[in-house]
Amino acid sequence: MSALLEAIDLVGGYGPVRVLHGLSFDVQPGEVVVILGANGAGKTTTLRALSGLLDDVKGSVKIEGEDVLGLRPDQIVRLGVAHVPQGRGTITDLTVEENLRLGAYVRRDADVQQDIEHWYSVFPRLGERREQPAGSMSGGEQQMLAIARALMSKPKLVLLDEPSLGLAPLVTRELFTRLGEINRTTGTAMLVVEQNANLALELAHRGYVLETGQIVAGGSASELKSDETVRKAYLGY
Amino acid sequence: MLIAALVAQVDNKFSEFLQFFFLGLGKGAVYATIALALVIIFRVSGMLNFAQGEMAMVSTYVTWGLWTKGLPLVAALILAMVLSFLGGAAIERVVIRPIERKARGNPLPVVIATIGLFLALNGAAPWIWDAEAKQFPYVFGSGSVSIAGASISTQTLGTLAVLVVEVALLWLLFQKTKVGLAMRGVASNSQSSALVGVPVGRMLMLGWGLAAAMGAVAGVLTVSLAFDNSLMAVPLIYAFAAATLGGFDSPVGAVVGGLTVGVVAELSAAYVGFIGEPLRLLPAFVLILVVLLVRPQGLFGKAQVSRV
Amino acid sequence: MTSGDGSVSARNVRARVFKIVGFLVLAVALYELPLQYDRSTVTKFTTVLCYALAALGLNLLTGFNGQISVGHGAFFGIGAYSAALLVSQRGWPAWATIVLGAVLAFVVGLIVGLPALRIRGVYLALVTLALATLFPAVIVRYSDVTGGTQGITLEGKQRLNSPQFARDAGITNSQWRYYIALVVAVVAFILVRNVVKSRVGRALIAIRDNETPAEVLGINVGVYKVLTFGISAMLAGVGGALFTFNNDGVAADVVDIQLSIILLVAVVIGGVATFAGPAIGAFLVVFLESFFPENLRGKAAPVVFGILLILLMMAAPGGILGLVKQQWAKLAQRFSRADQPSHVA
């Protein structure tokens, strides 16, 4: 059985600027994997490479054994990988409900409205604001919307780019609790890129450490938590 | 006696005014159609299509060609709309997209490309169909209806009706269909839309196709009995004035702007001595300049935060 | 410096010699040109110079300063009409009408440049396009003065004819006009080149590339942009005035929107933000026509230019000169690689 997602020897960047220097990692079905790393380590670029947003990339990305490098973002969504971009990527001119409906763009089944209601029950704030333009909501609400929108495509794997960015600590904690629940109840695998290592390692099963475009460490969440260098660099104790 | 004469005169003046007003409204409906096409393209790809008028002009030639081959007028127009749709989509895919991708936010290459398209289409039409003016009937006949003493042509009324139908169809498309939702998503945030599975490129082609098809309608309705390749040069400027006034991202603005520009141009040509027939364009130019200076987002558009 | 000062200066000397020889050849060619061709071809050469002047101005504005104008035909027209009117109705001497045409175009350019401080990019293109569409309408509206579509024809002494001393030297009217236009164009070319290579030019380019940092660096963006607009319009106006004298008159259909587009075509084909580009482009827009077979003349040119613009934007946004430079750089790189093992990664 092959991994849900497997990246092998990714090299890439933007024009002359190389950001990724040959990194390899994988995500198994149902797993939450975190990639830790400082600003500029290449975390966002890694996710962009996975979801087809990076033009300039070499190596190999496999989803369930199928090579997907070079596919467009919308084609990758159809293979079951959704991406919550950094800064939440709110489609500001659409209402909350329209954002969610657009999230189901690749689906052909009739249960879309039912699923929207489901996410309203998970994130009640979204239900209260369903007719509002998404751009008018607070940062935390927009993050929840972005996650719900990604999950509307019923993905096997969600890529989450710094979900805690710009959120108050309490809101972040709440958000990570929800993410854990979603993972347990739906079995959706997650690849989370995070600076808040404490929270991320609580959520994750496994993790990698990314430094200047290379994986420098990897292991189970508990191994990483007890690792001296990881603790010093990312956990701050 | 005196009073009766006075009343009659005022009455006369009023029905004359009404006549110009409706004439302007009819022309405004055409400008609104072109402005809507401009708005659709602006919303999906953030650019001004300077070739919109010439695309419509070519569509009009195509309609004329099909009609002279014996097709009924309406059938010819519908077929021309389909062909225009395909042509518009092809232009997006083959010409605009590669240039836009390469330009990385610099507007100059895309502006120049649409000017190139302008030039090529304008030059190609008399080459393909010869330079002679083509006879073409009013789509809605040349009859007229009397309203409050003013005689309103059936063409004017028909054009207004077409605008209403267009707006209704566009509203249905954008508000009630999945594709319409996806197009709005791309217009608002194309990357996020791609990340939920919307094929952005196809939406851009769809937007250009729609705009081109609407151009076919606008072109055919612009013709008064004969046309050549200069058909859309002036209406394009009016349409730009309309879209500027309404806001380049606002379909409602395009309609309101189009009708306003049509009426203002007609009334000022009729009543403001120094403007007269040759300077009809002056109000449009002043409008573009003033709106861009005072309220660049237009009446209904959203204020843009300048990206640094 | 690893390769040693000797070889560098040798290379410099060689480059300088090449340059001087090139300029000499060019100067002789430009001088000989009208003496070798018939009258109508010489008139066309002069037209090239008129367009080149306008394109030089447009390139300064759009290429170096980043303000897009699709309406330079209007400024060309202002120069053309002020020359035609002043000489035919007030009896001014030709040189004075050219100067005043330049001043008028400069002033109108400043006025149009003011709103351009707030209106940018595609929107400026829109405003200038509307201006260019409006201009011939204004000419037609005031037909009683401008002659409308009939235009103004210069008669007898109003024309810019070869003076006695030149005639004695065997210089015909069309040749005389060519030389006048050539002198003006060369002076304008040198001026623009010096401006662009100076501190002012660096400021213009900084503004084009990014306005905010330019402002932070203490460049008075507003003044620079408006002045550039004025100077750019002035060059177009001079081109227009000379155009009137070259053709013994002007008419409304000469200064329509097509002219504005043709000027843009000249700049783009030659090479945006280059010095020689506008002249090369102007030559092509005037002479390309004559390369077509007889039955296509007058029909094919706009189509070819339109498609050429599109293709250039797709493949070589730098225009012809850009392509040449690119190939040149490739060649040079290959040679330098052959010379020594390259340390380029």
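Letters A, B and C mark the chains as written, and numbering starts fresh at 1 in each.
To be clear about the criterion, a residue touches a chain if its C-beta (ideal position, glycine included) is under 8 Å from a C-beta of that chain, and two chains touch if they have at least 3 such contacts.
As the structure is a prediction and not an experimental result, all values here were calculated from the model.
*Asks:* When B-C is set beside A-B, which has more C-beta pairs in contact?
*Replies:* B-C
*Asks:* Find me the chain with the mean Cα position closest to the mean of all the protein Cα atoms on display.
*Replies:* Looking at where each chain's C-alpha mean falls, the closest to the middle is B.
*Asks:* Centre to centre, by mean C-alpha position, how many angstrom separate chain A and chain C?
*Replies:* A distance of 54 Å separates the two centres.
*Asks:* Using Cα averages as centroids, what's the distance between chain B and chain C in whole Å?
*Replies:* So the centroids are 33 Å from each other.
*Asks:* Any idea how many Å lie between the Cα centroids of chain A and chain B?
*Replies:* Comparing mean C-alpha positions, chain B is 43 Å from chain A.
*Asks:* So in the complex, the part of chain A that touches chain B is made up of which residues?
*Replies:* So the residues of chain A in touch with chain B come to 51, 53, 72-74, 77-78, 82-85, 89-94, 98, 101-103, 105-106, 146, 149-150, 152-153.
*Asks:* Mind pulling up the chain B residues that touch chain A in the complex?
*Replies:* Result: residues 178, 181-182, 184-185, 187-189, 191-201 of chain B touch chain A.
*Asks:* Where on chain B does chain C make contact in their complex?
*Replies:* Touch list, chain B to chain C: 47-48, 50, 95, 98-99, 102-103, 107-113, 115-124, 126-127, 233-234, 237, 240-241, 244, 276, 278-282, 284-285, 288-289, 292-293, 296, 308.
*Asks:* Contact residues on chain C for chain B in the complex?
*Replies:* Result: residues 62, 66, 68, 70, 115, 118-119, 121-123, 125-127, 129-131, 133-134, 137-138, 140-141, 212, 257, 261, 264-265, 268, 272, 299-303, 305-310, 313-314, 317 of chain C touch chain B.
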